[in-house]
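Below are structures written as structure tokens.
In what comes next, chain A is part of two complexes: it sits with chain B in the first one and with chain C in the second one.
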Partner chain A sequence: MLNLIQTEFLKLRRKKMIWFMLLAAFIMPFFAFLFFEYFNKNGVDSMGFYKWSVFGFTTFIILPFILGVLCTVLMHDENRYDMLKQLWIVPISKMGYFFSKFVIVLFYSICFMMITAVTSVLFSVLPGFVPFEWQSVLFLLERCLEIAVLTSFGVLPILAIASGQKGYVFPFCMTLLYIFLGFFTSSVNIYLHPLSSISFIIARSGNIPGLASAQGINVPLALLCTLIWDVLSVLFAHFSLNRRK
Partner chain B sequence: MQKLIWAEWKKLRRSSIIIFTILATVLVAVIVLLAGQGMTTEGYYLNDAGWYMTMIQPWATMFVLPAVIAMLGSYMICREEQDDTLKSLLLIPVSETKLTAAKMIVTFILSILLYLLLFVITLMTEIILHFSALSASMVLGFFKSYLLEGIGVFLAVSPIIVLVSYTKKSYWLDLLLAEIYSFAALFMSMSSVTKTFYPITALLGVAGYYETTASNQIGSVIVLLLCGCLSIFLLLGHSQRKKEEKY
Partner chain C sequence: MDILLLYYPKKRGNNMNDFVIETKKLIKVYGEQTAVKSVDLHVKPGRIYGLLGRNGAGKTTIMKMILGLTPITSGEIKVFGENLRGNEKRIYPRIGAIIETPGFYPNLTGTENLEIFAKLRGTASPNAVKKALEIVGLPYKDKKLFSKYSLGMKQRLGIANAILHDPELLILDEPTNGLDPIGIAEMRTFIKNLSSEHGKSILISSHILSEISLLADDIGIIDHGVLLEESSMKELEKKNSRYILLHVSDVSKASMILEQKFHLTDYSVQDEQTLRIYDTSLNMAVVNKTLVMQDVAVISSQVCGDTLEDYFKKITGGEVIA
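Up next is the complex of A and B:
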């Protein structure tokens, strides 16, 4: 398994696109900076800024979208060049192959969120919106790590769909719709979709303004929702990879 | 040119991309319908006649359809390189600029058709939910909005699609740019200046989703036309570069 993960990391060196996608980590901190600079000059606190730069659209849309595209890229390139046959001949375990890709997604997600956290601190402290406080920075880093790990598990269905497809069109469409569904189900029932559950899990202690309703969240139930989707995804990936010769 | 467009249609019929894009459009409609089950103090959102047809416009335009339309365009452009059919086409000979232009025209038609499909789905739902509250002027107004959005989205994303013709392999970049570009409209709609001049919000203003002044609408139309012109310039620039590479 470790060999597979190492091989996956070596393959990443050839994909310049992966580095380019990390630039998306700057989007929300930059928009938060613009928002507080031009629209909301009075009364900025660190949590208010981080809610904009990290806990809002980054968690709901940007990170899942980037990870969805990454899942599709990781699976598509090998399918496209018909590399799977050669990999099965080695032989490597089909589920080992699937989980090695997942480790890449997890690692990438952590890198992405750490960049977002550092950028958020820079965009909030350097223009003088908020003073530098270790307590809020550590809270931000802790929640970013949580978001990264949970979201990588949240996008496992996309990885499973991509593993069963030769093309990239269907997984890409599904990525968009999966995120769109998560965004909307959060207003109906947060325990239906992993992405909506994650957004509420990270606000569980109620210290993120505007997400106060998350105080009453049932964290085990929200985690169970993610677990159910993940188990189904792994079964789907197992079935679709075994079907492919 | 007609033959090239006809050939592109034929090629698309063999591919499953059309089915996937139709599926994506239908699912967008279903998801917004589910979101309409949300409650306000006055009841369900869906209880208001026209809520569904109105709200699906920004959500589809800011989250899903521009990326799907950019994907359609980039897929058509990149597949010639991927399937190694570009060489054969150039041997016929087919002008590469004309070929890309034909693909852009097909994308334009598909963009309008996707929005019209969305219109038909939402209209059917509204007819089932509030038949008596619908009027002909309201339906015609929505038809005009959806039609203009189909045209506007194509114009807004066309520079991104044309960029793909430069490299032929960077379709991932295209999809990523298109999604971030459409998603950024959420923030651009906060200021009246950016709402008028940012292409995605500009098209919503032209389509009538945002209430704007006549001068702002003219500004938005100009921005969208400039996007179209930029695509043409990029296309011509690419053809010029190819010629220079030859000689």
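Up next is the complex of A and C:
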């Protein structure tokens, strides 16, 4: 398994798109900076800034979208260039192959959120909007790590779909649909979709203003929702990888 | 190709008495089409088995089934004397293969691509990648990306990947595809050396008759999914009848003379001027002299033998392939 993960990293050499996508980690911290700069606000509550820079669109849309695209990219080349048969001949375990891709997604997600966290702190503290406090910074890092790990599990269905497709259009469209569904179900029933469950898990303690849910958040149930989707995704990936030779 | 001797130091002992690959009543059905019909294939250890057939005859499907790349509909496959089913993890690391045009990561160089496969295989030798590339004539640590490779280079890289882990059995599906004539000759020498010097067992498929006739020790002729013939090249050469082809001015008169003077019955008339005499022990000098004395002009006489091409044509009952 370790060999598979190492080779997954080797395969990413010269993939400029992977680095380019990391730029998206700067989007919301930068917009938060512009927003507070425009309103010339000083002494802002740090959580107020982080809600804009991290806990808003980054968590709901940007990170799932970037991870969805990453899942598609990771599976695309091997499918497109008919490489799977070379790999199966080695032989490698089909599920080991799938999970090694997932490890890349997880690692990338953590990097992405750490960049977002650091950029948020820089854009909030350096202009003087927010005073530097270890407590809030550590809270931000902890939640960013949570978001990164949970969202990477949340996009497992996209990885499973991409594993069964030669092209990239269908997994890409499914990424958009999946994110839209997550957005939609968060106003209906948060336990139906991993992304809506995750966003509510993040807001569980209520110390992110504006993100505290009116519903009583049942964290185990939200995790169970993600788990069920993930188990189904793994089964789907197992089936589709066995079917694809 | 001398590097080969450094790379594969000794002929590996093979304690198998049976076949390296043995299939029994192997069948593959795609939808309503039967691609492989009850094939019994026997690849002997240390020999080159050439699977010969037209495009679409079922060669690649058989190889894919052996490599587990497509499920078998029915039948049995034994590799290294073991049933393939359930023993894949033990058997496949002992096999190197190229199936169709090998695919690699376009964003990586040839060396980087092979390093990935070496890592996946857990190849012990640190110089395995370098040696494999040297064998196929590709540069080590070259900066050229795989996406910029020519078809021939891609094919060479595929072969380098197949031999990277020093496998006992090589399964090569049309490995000379895309190679230039010199490359084909080099590859032929290389494949022959792998078998003769290092005891590798090789199953190679091709639709090029001359390629198989120059390479293979044993041959299997497949047509429309049916393995029509399986024998060694030596047996095949024996089977291919030798005859004397006689061109004369008057076939009927010549036939009469052959029957009366030489008591010959084992011959056939090909056309108005050509006879085929199957008794090659006949003294042609005497035959020619006798025919000329009887006013039958002898235009030419020569000893001929069926080529593999003739044989293929004969047993498939159709046109030759290449």
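Throughout what follows, the second predicted complex is superposed on the first by the 239 of 245 C-alpha atoms of A that agree within 3 Å, B and C clash if a C-alpha of one lies under 4 Å from a C-alpha of the other, contacts with A are read in each partner's own complex, and residues count from 1 in each chain.
Keep this in mind: a residue touches a chain if its C-beta (ideal position, glycine included) is under 8 Å from a C-beta of that chain, and two chains touch if they have at least 3 such contacts.
In this text the structure is predicted, and so the values were computed from the model without any measurement.
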{"item": "Touched partner set for A:D82, first chain B, second chain C, both or neither", "value": "second"}
{"item": "First, second, both or neither for A:F139, with chain B first and chain C second", "value": "neither"}
{"item": "First, second, both or neither for A:F26, with chain B first and chain C second", "value": "neither"}
{"item": "Which of chain B and chain C A:I92 touches, first, second, both or neither", "value": "second"}
{"item": "In the superposition, chain B vs chain C on chain A residues touched", "value": "B"}
{"item": "Touching both chain C and chain B, counted on chain A across the two superposed complexes", "value": "none"}
{"item": "Footprint of chain C on chain A - complex, ascending", "value": "3-4, 6-7, 10-11, 13-15, 77, 81-83, 85-92, 245"}
{"item": "Residues on chain B engaged by chain A in the complex (per definition of touch)", "value": "16-17, 20-21, 23-24, 27-28, 31-32, 34-35, 37-38, 59, 63-64, 67-68, 71, 75, 82, 170-173, 175-176, 179-180, 183-184, 186-187, 190-191"}
{"item": "Residues on chain C engaged by chain A in the complex (per definition of touch)", "value": "64, 67-70, 88-89, 92-93, 95, 97, 99-108, 112, 115-117, 119-122, 145, 161"}
{"item": "Footprint of chain B on chain A - complex, ascending", "value": "17, 20-21, 24, 27, 31, 34-35, 38-39, 57, 61-62, 65-66, 69, 73, 80, 167-170, 172-173, 176-177, 179-181, 183-185, 187-188"}
